[in-house]
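Across the two complexes that follow, chain A remains constant while its partner is chain B and subsequently chain C.
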Partner chain A sequence: MKDEGTLQAFEAAASDPSLGEKVRRAVERSVAKMSAHLPLGPERDALRDKARAVRMEALEELPELLERFTANIEAAGGRVHRARNSREARETILRILREEGARIVVKSKSMTTEEIGLNPFLEEAGLEVIETDLGELIVQLRGERPSHITAPALHLSVEDIARTFRDELGIPPPEGLVLEGPPSPEEVRMRAARELSLAARRHLAEKFLQGDAAVTGANFLLADCGAVVIVENENNARLCTSLPRRQIVLAGVEKLLPSRAALGTLLPLLTVTATGQPAAGVVNLLTPRYTPMDVVLLDNGRLALREDPLFREVLACIRCGGCMNICPVYRHAGGHPYGGAYAGPIGALLRPLLEGLDRAGELPFASSLCGACSEICPVRIPLDRLLLELRARARHGLLEKAAFRAWAFAAERPALFRLAAAVWRKFPFLAALTPPGRAWKKGRELPRPPRESFEAWWEKRKDREDPRKERDRGTEG
Partner chain B sequence: MRIALFVPCFVNHALPQVGRATVRLLEALGHQVVVPRNQTCCGQPAFNTGLPQEAAAVGKTLVERFQGEEVIVAPSGSCVAMVRRELPRLLPELAPLCNRFRELTEFLGKDPGVKDFPFAPFRGRAALHVGCHLLRGLGVEREPLELLRSVEGLQVVPLEADRYCCGFGGTFSVKAPRLSTAIGETRLAQALRLDLDWIVTTDPSCMLHMEGILARKRARTRVLHIAQVLAPKEEER
Partner chain C sequence: MERKDDLPPLARRFQESLGELAGPDQAHFLSSLGEAAEFLREARAGEEAVLWEDRPRERPFRAPLGVCRAWKAAAATGSILLLPPSREASWASLLADRVVALASLEDLVADLDELFTTLGPPSPAALVVTGSSRTADIEKQLVIPAHGPSRLDVLFLPERPDLARLREMVRS
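And now, the complex of A and B:
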């Protein structure tokens, strides 16, 4: 998408109603399941309070946790590398792969590798990179970015996926599935989805065996036992981390947790908020003991963000995707307009905070500030409040600033404010000529001005009904 | 009880019927309504655009008009959320005054004397839309529904998207108009499928936006402010 990260990109995405329908279908299922297992309410809030405390404490103790984690990984025969930015992370990973003599790299889902742009970099260096998460494989085949952090292909229909598999892998579309024209009956589409996932599995089985090394992400890093936690449903991370000769883990430095006890607090909330599952399909706790392991810890602005007292809590995020599932903006525009690895309200915060407001300064404005995200967030990040705070740091256009100055000037001078309203009552068509009026009219009618303002009515009524005007005089004006 | 009415600027100039209904409702319940003069805006448009300084100046002017008032009520959760949640941080010296602002249904819901609205028989099927700033910003969830349910003759139909945003979002509505409208259309879709008579909302800002969408669609369904439903009907003049 050419205007990635701008409001224009959101406008373009929202203009395609079929995109929103696909996205809503997918996320509504997750939210409904979540509500069935752990509805909003005091019980959930108590868990969220605990989870938040765990994450905020971990961020407080981050330097010590990093030290302890590193010592434990090294004691078990692994290596830990620190990368200050995306470039360092990419180069470190390529160096390790070269050392290993790897040609084919299998990957399990990782938004952090998306953040550093790893795949194109490795491909340019002559390596074959294969995504093994089903959704990731689909978007990789299409040359797209994931549109959701836990469900990368949720913007696609089963028909879209059948076409992609046909064109890119030569897999014939499931029998009976109509690819063009009115969609097949629901049971045919469900069966087709199952068939396509089995076809992907057959395709991937070979790749797992051919893979020389694996690159994975991490949901958490445990300091007390030097373990990498990967939560999944498809068993692909398990195969990635056991079949190839070497495992490389890329994780943001903020993923540290002190202990397995802390993990126990977060896991149920992570899965239930992400997909509505009360428990994950598979939770891998990996140490370097069996498969040689390199852990690359990525800073990329996180440690500086940790020093920002207002925005530090953004780092508490456990990447469940709940905020996008519930977000009206995400539900109508999908994940691509955010233009980065992370979509939804958390993406609208993370991108400008990590990459700078000059690069993603419009993202905080891609929100109606409805607050549904903050209500669902398992670690109680006040996302809508922080978006508002970030708006105050964003640069405002001169025209916009001037308009608001003029508005403020009038608002402090009631007579002027009244005059402006009177002009509108007299010449309502003027509203449609202003830029906001034109924007409003794209999908809505402008309000028609009333005959008189409320205050004019009130004054007349008082004169009529209450000749003893003195009664209120003392308190008004 | 003496109640000072805070009339949001766009209620004053674009939706005066909401202000009038609020007056009729409060007076029918036996309150004495006063309207401090020269109210303009609470500053929210600037604040939500990320211009807190401009917002503070405007908000200060508004709040000071209510100096000396004990009970201040407004028919908008959004404007009250601005005054009660945001302005105290920008204008600490006015915090005690800011904290006296109440949204209409929040105020009525706390009043044990208010049980039914005999003056408000209302025919038809309606869905309730509670504005996000009232629902999540001020944490008022139960009151609007209970009030609406007590209206004789009105059938309140629960919708799947009941806790969702209508997509207005202040300046968001014109910064990303297609997105804003698309969200609103989704919010209204089920009500239109069910061919409801009314969308009743607690917030005039949501009302302006949803009315605009329904008017463009030439839908039969109309949007009303909850005060218009609860209050005695307006006399013909």
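And now, the complex of A and C:
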């Protein structure tokens, strides 16, 4: 397999215990709040079934919905652009910004702009790009990728962020917060979180007014009224879409929904799974009659994926991040090792499916297949089953194939199997010399062989009375 | 002046939902436009500094107080529906530090599902707002305000409120 970087990234992340600590604390809070409002169970499953049906029907009707959406946006004076890949999307957005004479671009949170690598591209073209979501601002200042779809900076502590604001914005760290050494008491840290959030508000207040154009994402696109749906808490998306002269919306083609009625089903599940909120702070439904609007619809492999009967349902994803919150692998490693815009189980599917197995073929293996993601998914994507299917499609190395053939050969020949097992019991260190043994030993101890084989153990006790039989007789009598 | 004991169940639910947001946001149930005018007189910092949704300014202006119309309210989540006809009109509920939204008890529905299925013809913008602006991006610590208003008061009246009349009453 060519995708060596993925493995190394996961290894590096897993070797930093403080990272897992921070990630776990953040996501466990979201999951606890979710469970308080909408616990796992039949009631939640009925909602999930309904949400899934809404999304799958929309994917079925996607070509008609795209047509209707485009017609409605254009009738209201907006423009719709189709981009086949990241490069086309980046160039389209830059062209619109140049047309507008824009110098300063304000952005509200969008993982799709992350997917196409928009920020570095615009900066190279000489534009100033400002992320306005607090979490996005923090990772932008640090030159990092978001670590989570809905909580970009959840891998950072208050202290990390205080250092970043001091170094990048010249904002003095909150009083009493210890940056080096043993951490401050929790109440000091939480007061510092508040002060830093408010400092970011002050820092960005002027930027919203200076922005010539805004680039936003979209949670959904509504075909029947030609509207873009943006869900947020901070009101930064409202400011981005209500002050600059022009709004550019980048959205994957799969985000189409037939009508506003679908939102009643999807939005509560989206917010409660993402952050445990019954409702988001603001749901924006915006049309070109409100703000001059260009919508860039990104394909980037999605339409081909729609034709794949096995994996089409991956496109039903509403990007809540629930599968990340619950995933034991994500909880140890955070989002960065997934190497793309989307992390966690959904990222382990999306990246290889959209970019190709040759570029991200190791990702489907970055899962314990425990199935917690499929249980939490608001649109019931069977993530663990699809990860397994994708593993089957990933190319296997010759050595791996040979190893499994050798195993099969020995397992079918009892004498050979017994001999191999006896050798292992006698010389356990031999296992550590094989390539899989070496890989295993990097982070874990190899299991010690049992003193005797199961066969030998069974031989010794098969003539004894079965203790269960005795007990059964006891209860009968 | 506020009705407390004889609230209809949906109104009570709305009030509780807004309270569960753990912020400064409140619902008030008034019996006349005159009481709303009184509420605004007590709340505002000075006449010129108030942003009225139906009297938009030409240039962005950060104000201590903004007044807007809420066209529907969803009890289960404490959400209100705003229909600003233009970007300038939306500043009243966005650039003001404190926002007062006027709703009618007639427009109170059970939940977001009912709100979205009973929307009227498409408008330039429809915003479903739940509470003041907030963030929890630093260690999941809830902080109010984020980039928008720091407080939202929803005033419910028995009839559909008229902002122009209310403005006159506030001035007189």
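The rule is simple: the second predicted complex is superposed on the first by the 441 of 477 C-alpha atoms of A that agree within 3 Å, B and C clash if a C-alpha of one lies under 4 Å from a C-alpha of the other, contacts with A are read in each partner's own complex, and residues count from 1 in each chain.
Criterion: a contact is a pair of C-beta atoms (placed from the backbone, for glycine too) under 8 Å apart; a residue touches a chain by one contact, two chains touch by 3 or more.
Here the structure is a predicted model, which means the values were calculated and not measured.
Since both structures carry chain A, what do chain B and chain C do when superposed there: clash or fit?
After superposition on chain A, which the two structures share, chain B sits beside chain C with no clash.
In the superposed arrangement, which partner chain does A:163 touch: chain B (first), chain C (second), both, or neither?
Neither: A:163 stays clear of chain B and chain C.
When the shared chain A is used to line up the two structures, what angle, as a multiple of 10 degrees, is there at the CA centre of chain A toward chain B and chain C?
Apex at chain A; the opening toward chain B and chain C is 120 degrees.
Would you sort A:359 into first (chain B), second (chain C), both or neither based on which partner it touches?
neither
Looking at the overlay, does A:312 come into contact with chain B only (first), chain C only (second), both, or neither?
Neither: A:312 stays clear of chain B and chain C.
Check whether A:189 is in contact with chain B, with chain C, with both or with neither, and answer first, second, both or neither.
second
Applying the document's definition of touch, where does A:457 land relative to chain B and chain C: first, second, both, or neither?
In the superposition, A:457 contacts chain B only.
Should A:203 be classified as contacting the first partner (chain B), the second (chain C), both, or neither?
Neither chain B nor chain C is touched by A:203.
Where does A:79 make contact in the superposed view: on chain B (first), on chain C (second), on both, or on neither?
A:79 contacts neither chain B nor chain C.
Check whether A:267 is in contact with chain B, with chain C, with both or with neither, and answer first, second, both or neither.
second
Looking at the superposed set of three chains, what is the minimum CA distance between chain B and chain C in Å?
Nearest C-alpha pair, chain B versus chain C: 20 Å apart.
Jot down the residues of chain A that show up as touching in both complexes, chain B in one and chain C in the other.
Chain A residues touching both partners: none found.
For a test of understanding, state which residues of chain C touch chain A in their complex under the given definition.
Touching chain A from chain C are residues 17, 60, 62, 74, 76-79, 84, 86-87, 90-91, 94, 111-117, 119, 122-141, 143, 145-149.
For the complex, which residues does chain B have touching chain A?
Contact set of chain B toward chain A: 4, 7, 9, 11-17, 19-20, 23, 34-41, 43, 45-52, 54, 57-58, 61-62, 68-69, 132-133, 136-137, 163-165, 167-186, 208-209, 211-213, 215-216.
What residues of chain A sit close enough to touch chain B in their complex?
7, 10-11, 13-15, 17, 20, 24, 328-329, 331-333, 364-372, 374-375, 388, 390-394, 396, 400-401, 404-405, 407-408, 410-412, 414, 417, 421, 424-425, 435-436, 439-440, 442-447, 449-450, 452-455, 457-458, 472, 475-477
State the interface residues of chain A toward chain C in the complex, per the touch definition above.
25-26, 29-30, 132-135, 138, 151-154, 156-158, 161, 189-190, 193-194, 196-198, 201, 204-205, 208-209, 224-227, 233-236, 238-239, 241-243, 260-261, 263-265, 267-268, 275, 278-287, 289-291
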